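Input: structures, listed below.
You will see two complexes here that share subunit A, one where it goes with subunit B and one where it goes with subunit C.
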Partner chain A sequence: MLFWFAKKGIMMVEQDVVRMVNEVLIESFEIKPEHLRPEAYIFNDLGLDSLDIVDLVVALQKKFGVTIRDDARVRTIRTLGDIYNFIQSIKRESNK
Partner chain B sequence: MRLWKFVYLNTTFYAFLFIFSLVAIPVLSIFVAFCALILPHRLVMKRLRRAASWYGAVIIHILPFPLVRLKYKDYIQTDPGGPYVFVCNHRSASDPFLMAVLPVEAIQVVNIWPFRLPIWGLIAKIAGYLSVREIPFEDFLSKTTKLLREGVSIVAFPEGTRSRDNSVGQFHGALFRVALETKRPIVPLCITGNKKIPPIGSVFLHPGVIKIHRLKPLLWEEYNTFGPFKLKNHIRQIIIDEVAVMENSG
Partner chain C sequence: MRRVAITGLGAITPLGNSVDAFISGIERGENATQYMPEWQKYKGLRCLVAAPAKMQDEKLIPRQNRRSMGRLSIFAVQAAQQALRDAGIARKELVSGRLGCVIGSTMGSAESINEAFETLITTDFDLSKLTSTKFFQCISHTAAMNVAQYLGIIGTVMATNAACASALQAIGAGYDLIRLDEQDIMLCGGAEGLHPTVVGSFDILFATSSNYNQTPKKTPRPFDAKRDGLVCGEGSGIVVLEDYERALKRKAKIYAEIIGYSSHGNGNHVSESNREAIALCVEEALQRAAVSPQDVDYINAHATATIQGDREEAAAIRQIFGDKVPVSSLKGHIGHTLGASGSIELIASLVMMERGVIYPTLNLEEPDKDCQGIRHVIKPLNKEINILLKNCFAFGGINAVLVCKKGNYDG
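Right after this comes the complex of A and B.
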């Protein structure tokens, strides 16, 4: 029972992260919600460029209250799903 | 017949290009050098860019004629006055030469490879063309802002690389940030018909008709509420729509 609640709690956090990242992309870049699929490539599918990524990092930092600018993992991000996972791991690390 | 045309086009084009360049480049260089003796630097640069444009105009209009024809349409009804930020789709290595149709003083924002071309690369460097991948954005912004203030238009191919199919690739936003900063009109330029003039990975030209449409400029008053991301995608969509019309019109 306790495990079920813990799992449900993690899923809630994950859904919140997905929702908040999507909000950033919709508000800051006016990307249509139907384009926001986890498998979408940030450059080729969503059309962001290196300068947009700088704006995105700033907006994500503001939204989640975390520092990600100097994190080396940012360079490995390719898809929107990678952003969700990255933010989740950052949140987890900051909660420890 | 097709093969004959292909051979004739490439033989005559490259033979005349060689002869023409052998004469025109030294003559125009002497003309610009003479200007440098008597005119201020700003006017010398203007003459140099004009000379490069004349040279390019001969290459695109006369040397491949009649097997490669160029149709240029200007859709500007009321000219808001330059300098402009020209944004162009990119399909062929001939695109930078096609910019000689523009009746304004302009520099081009290019990739690394045009600077590596013998002689032409050197001329491009002297004329102030910018290699966007080799300079940080802050430098790019200050250089383009200075040029626009001097009255020099900027031409760019924001896809960054030539499209391998007929689609218009995603745009890089650097130039749109420059436009937002400098408040200059953005002019979409659409090119079709030169995908095989020459094809990617080849220097050989195929006969065909190249169309260039210069569309109505988007003024600062029309785009000042846009962010750079929305602006680049707005212009990209205008170009995609026009290219589709141009291709379907035969």
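Right after this comes the complex of A and C.
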């Protein structure tokens, strides 16, 4: 399957984006793969906190070669699916 | 003022990650020094040997605690946990406000500091590439604050960062806090993480061992005629200090009572120790302990195997104790664990006190003429130890001496 539907009817996300975001969460935050569901809330379900969000941004920037630290959309992220969508958006914008 | 007991010991060392493993290694006459081939990439580094400790079980520390810990903080947490278990301190004491911790180190995590600068240098100085917790690994009080955060300690938390005197100064500070009735229990000691840049800081001063890269087990050689410098090690030693009456009341095992402590600057040179300053510190510690030199049964020397440092320490000991009191250095076994050395070596000394045996200075085959006139221990010596003296001398001209009296092991 090439795409994952992040939010039904809203956006298709490349499988590579899902895999790479999940790799960041597994490698940098030691989250078990079975907990990586798109609907999982990053604070309540995945156990990240404010310091982790800083590190998550750093890790995602490194993984995807993008600059997102000052992007206002970072502050709207609530779920893992939101991260997939956000990264997918960034990638599309950079390809335009 | 109140009396202070030592009631718990914990150690991560180049010879093993527990007090038992550490002491077993010493008893087997092991030397933890090994060749470090990967250090050849550092241009100008002459010393290619070190005494590393083994990082293990670090993932037992939850990630959100561990993320702010560099290598030395992980060692400190593990040693602190051992010491608390050994002392039988209940969890509720940690959050009583009457239990604190003072832990020193030469600096923050050298490995983390290097990683931070490598990140900046390789990203055109892009600060956004640094993780949020790197700072907490690099700060000078990283070991103390990480131990306190992990254990939930809300009592006094301090760091004594005085290079090789850090751990003994931490114990001295904890001793004062309990004596003054400000705290009842203190976790005290030092921690250090090995890194080639730390070795390099000694290497450029020609203070490291460099003639034994191919025969690492022959170095360091404290007090020996063929000594050529120190070998860096790493680890952590943490002791539990406790109000003596409290320890008696709960029938705790008391390894020793701290009866004297002194710390002085030498005021004349940043890297050269001198016999007068050392003697001043030793004499003041003895005076405060209200004991005379002939009352001391064992001296655990600082003796790192540098030409100048060993000579000056031997001269000070000779001046005060003559050749009557047995002297040994543990650097031949575990190298110089720098900020952790005072507490790691004190722990071994307390075990010697309990067992009535003095462990020798490994690699001391022929005492240098400058180091003669004191009673070197070159093979295990069975001897009752009622009072011991622990020396630590640091770069920056900071000296520290602790005097301990044998405790009540029965509880």
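Everything that follows uses one rule, which is that the second predicted complex is superposed on the first by the 83 of 96 C-alpha atoms of A that agree within 3 Å, B and C clash if a C-alpha of one lies under 4 Å from a C-alpha of the other, contacts with A are read in each partner's own complex, and residues count from 1 in each chain.
Basically, a residue touches a chain if its C-beta (ideal position, glycine included) is under 8 Å from a C-beta of that chain, and two chains touch if they have at least 3 such contacts.
Keep in mind it's a predicted model, so treat the numbers as computed, not measured.
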{"item": "Side-by-side fit of subunit B and subunit C on subunit A, or clash", "value": "clash"}
{"item": "Which of subunit B and subunit C A:R69 touches, first, second, both or neither", "value": "second"}
{"item": "First (subunit B), second (subunit C), both or neither touched by A:F43", "value": "first"}
{"item": "Which of subunit B and subunit C A:L51 touches, first, second, both or neither", "value": "both"}
{"item": "Touching partner for A:F29 - first (subunit B), second (subunit C), both, neither", "value": "both"}
{"item": "Stretch of subunit B penetrating subunit C in the combined three-chain arrangement, among 58-66, 148-156, 202-210 or 238-246", "value": "148-156"}
{"item": "Contacts on subunit A seen with subunit B and repeated with subunit C across the two complexes", "value": "29-30, 47, 49, 51-52, 55"}
{"item": "Residues on subunit A engaged by subunit B in the complex (per definition of touch)", "value": "28-30, 43-44, 47-52, 55"}
{"item": "Footprint of subunit C on subunit A - complex, ascending", "value": "29-30, 47, 49, 51-52, 54-55, 58-59, 61-62, 67, 69"}
{"item": "Complex contact set, residues of subunit C against subunit A", "value": "59, 63-64, 67, 128-133"}
{"item": "Subunit A-touching residues of subunit B, taken from the complex the two chains share", "value": "137, 170-174, 177, 227-230, 232-233, 236"}
